[in-house]
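Chain IDs A, B, C, D, E and F follow the sequence of writing; residue 1 opens each chain.
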Amino acid sequence: MDTSEMYARGLRRRKRMFGEADVENRMTASGEFGAPLQNIINAYVYGDVWERKGLADDIRSLVMLGITAASNRPAEFRVHAKGALANGCTKQQVQDVLLLVAMYCGVPAAIETNRIASEVFAESAASSGA
Amino acid sequence: MDTSEMYARGLRRRKRMFGEADVENRMTASGEFGAPLQNIINAYVYGDVWERKGLADDIRSLVMLGITAASNRPAEFRVHAKGALANGCTKQQVQDVLLLVAMYCGVPAAIETNRIASEVFAESAASSGA
Amino acid sequence: MDTSEMYARGLRRRKRMFGEADVENRMTASGEFGAPLQNIINAYVYGDVWERKGLADDIRSLVMLGITAASNRPAEFRVHAKGALANGCTKQQVQDVLLLVAMYCGVPAAIETNRIASEVFAESAASSGA
Amino acid sequence: MDTSEMYARGLRRRKRMFGEADVENRMTASGEFGAPLQNIINAYVYGDVWERKGLADDIRSLVMLGITAASNRPAEFRVHAKGALANGCTKQQVQDVLLLVAMYCGVPAAIETNRIASEVFAESAASSGA
Amino acid sequence: MDTSEMYARGLRRRKRMFGEADVENRMTASGEFGAPLQNIINAYVYGDVWERKGLADDIRSLVMLGITAASNRPAEFRVHAKGALANGCTKQQVQDVLLLVAMYCGVPAAIETNRIASEVFAESAASSGA
Amino acid sequence: MDTSEMYARGLRRRKRMFGEADVENRMTASGEFGAPLQNIINAYVYGDVWERKGLADDIRSLVMLGITAASNRPAEFRVHAKGALANGCTKQQVQDVLLLVAMYCGVPAAIETNRIASEVFAESAASSGA
């Protein structure tokens, strides 16, 4: 497959999961210096790996929360907590992922991601008028 | 709940997932020195966190593969790759988890866990006469 | 032992080490979503592991500073730097722990935790009128 | 060699790479509590390891960007991004280091350090009137 | 660019750096299960990122040694120590990278990678009849 | 102080803690390539940081067990488990450190270091005729 097709396909998926405006802002902010990295993210990460059929989107999002929490990446955990909501994950599922994080990565990792997940849920409830 | 009940419940679950003989051997090997840690594992990890209802067992196993791969714990990844098979995960699901690991934790983490997963699948096929 | 007893015992210890108001605030902030994690922290971490008799409280606090610095958890390091003062550790002991961190985890880990420890000592001196 | 000579030599190098005012401020801020760590940094890190002849300064800076990005140390990455400019590294070299980080440590590590590098380049362009 | 071209280009580069037989063996061993990961490695890592022009190959190899040492990936460090020799790096350059690792990641990371580098140098000397 | 004095002082301490033969073997094995790293270890780590007066040797050893377990360095943990015995630490103290590791770094870190500590205790009992 041509990488420009993968790029377009991945960018569409990113916008669907994280919101068109947010993704546009991130890409503008990354500028010329960040363009090759944005290519990796759009074409290889979202245009290839996220397009695979082995996992349903909600399960993939739950795995992503485990991965980003375990690798000490709170900013990326926040992005994927929003993505998890967009992919239909429930609060209870996220809660159970974070209790695995507590026992397998230690409570500090769980405390930080618990706080972030709570903030993401509150913002989501506010923006949906819930 | 009493912790001795949690312990018994967790030990039953561990044996169901990883095999009675394997779990008995691990517990014997850990000896008196390891008894308090085995209490944490049986009562708190398997008797509490794994007994929660927010995640189906197969999804929890897939999240565990992401967590143990992301936190650079190959021995524990091997244990949970076996558990994933016992919990009904497919090879294609495991494959897709490891491609997330490649892109979000880097290819070295994916190379090592890919090799381990292949070995676990081969052992499983051999022992089931497949 | 019943887990509700462990929970109560652990919560008492947390408040003694970190201050009643601080712990109440943290627990309120964690809300319903964070309740299962607070149960792990109160019952299993403080109600079980911190109640063990193998280590004196000040030594346990010094080990905690090494663990949280080594695992790149600055927010948790700050919490345990306060706990270390409450448990009677001296500035010189903390300093020597952080020099081990410098040589065994690298200078960036030591620079960050040195700064945090200095802030905690200054706050403590201010609040005690020292 | 006497450690006080190594200290003086290392401090000169630090000031040359990071600016006299910045280094003075950092050392004042670290105070009496941080003095032994500043000794390690000046004498052992800059007075010994950075004075070795095996690597040219610009190459050493590029390696440092890889090391600090890979070990999840964004504050230290920022310091060494400034040092890399002082040592004559180009934007394109830094970009290529960060694409290695993306593939070998995962995209979250690259996203964060890309943003920091962009900020450092912008500050440098502003202060040089470029 | 088409990904199959990137794949072919990356595979040629891998074989040049690590030896044709070694790369063939690795790819055969990874089997059908590992094929999508081998695609990432050949097409995206070696066919894209390693083909960029911002860094000379020897500098890229030195950065790789820093990255794999810093991220606690000894098996991958060994692979790239061989690649560093193929790309013309000297023992003294590798030595100086590992002293940076000692000071910025801690001595345990340096001890392990020092041992591996020594083994790779000895194998290389033996196979070249040196 | 002159670094050659620090080196001699540190080497004496290392031999006292880890045994003369073991340290000689390690230093011979590290060869010419490893000499600058051995200088860092002898002069800076053992000749400076371990010679400081802020911590008693047994407490420093317990902190070291926490640091090496938390930073995923099992080979170094084994070395310092031996050092902890030489410095008079008890099994119960080591056990309590590892339970902190379980809760603050996750159970996989504790399982691996528990196994190593058990082996070190068994070897020690065997060699002392206990």
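Going forward, a residue touches a chain if its C-beta (ideal position, glycine included) is under 8 Å from a C-beta of that chain, and two chains touch if they have at least 3 such contacts.
It should be emphasised that the depicted structure is a prediction, and the values quoted were computed from it without experimental measurement.
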Point to revise | Steps in the shortest chain-to-chain touch route ending at chain F and beginning at chain E | key: 1
Practice item. Quote the value, from 0 to 180 degrees and to the nearest 5, of the angle by which the CA atoms of chain B must be rotated to coincide with those of chain D. Key: 180
**Study point:** Same or different residue numbers at the chain C/chain E copy interface, by half rule
**Key:** same
Check your understanding: Which chain's mean C-alpha position is the greatest distance from chain A's?
Key -> F
Practice item. Name the pair in A-E, E-F or B-F that forms the same interface as B-C; by residue number, over half of the contact pairs must coincide. Key: A-E
Exercise for review: Compute the distance, rounded to whole Å, between the mean C-alpha positions of chain A and chain F.
Suggested key: 41
Point to revise | Gap in Å, rounded to a whole number, between the CA centres of chain F and chain D | key: 30
Revision key, fill the gap. Taking each chain's mean CA coordinate, chain B and chain E are separated, in whole Å, by 31
Check your understanding: Approximately how many whole Å separate the CA-defined centres of chain D and chain E?
Key -> 24
Check your understanding: What positions in chain B touch 2 or more of the other chains?
Key -> 36, 40, 44-45, 52, 68, 71-72, 76, 95, 99, 102-109
Review point. Classify the inter-chain contact topology: is it line, ring, star, complete, or other?
Key: complete
**Study point:** chain C residues within the chain F interface of the complex
**Key:** 44-45, 49, 52-55, 59-60, 62-71, 76, 90, 92-93, 95-97, 99-105
Exercise for review: Would you tell me which residues of chain A are touching chain D in their complex?
Suggested key: 29-31, 33-34, 36-37, 40-41, 45, 68, 71-73, 75-76
Study note, to complete from the structure: Per the touch rule, the chain D residues reaching chain B in their complex are 103-109
Point to revise | Sites on chain F touched by chain B in the complex | key: 72, 91, 95, 98-99, 102-103, 106-112, 114-115, 117-118, 121
Check your understanding: Which of the residues in chain C end up touching chain B in this complex?
Key -> 1-3, 6, 36, 40, 44, 48, 52
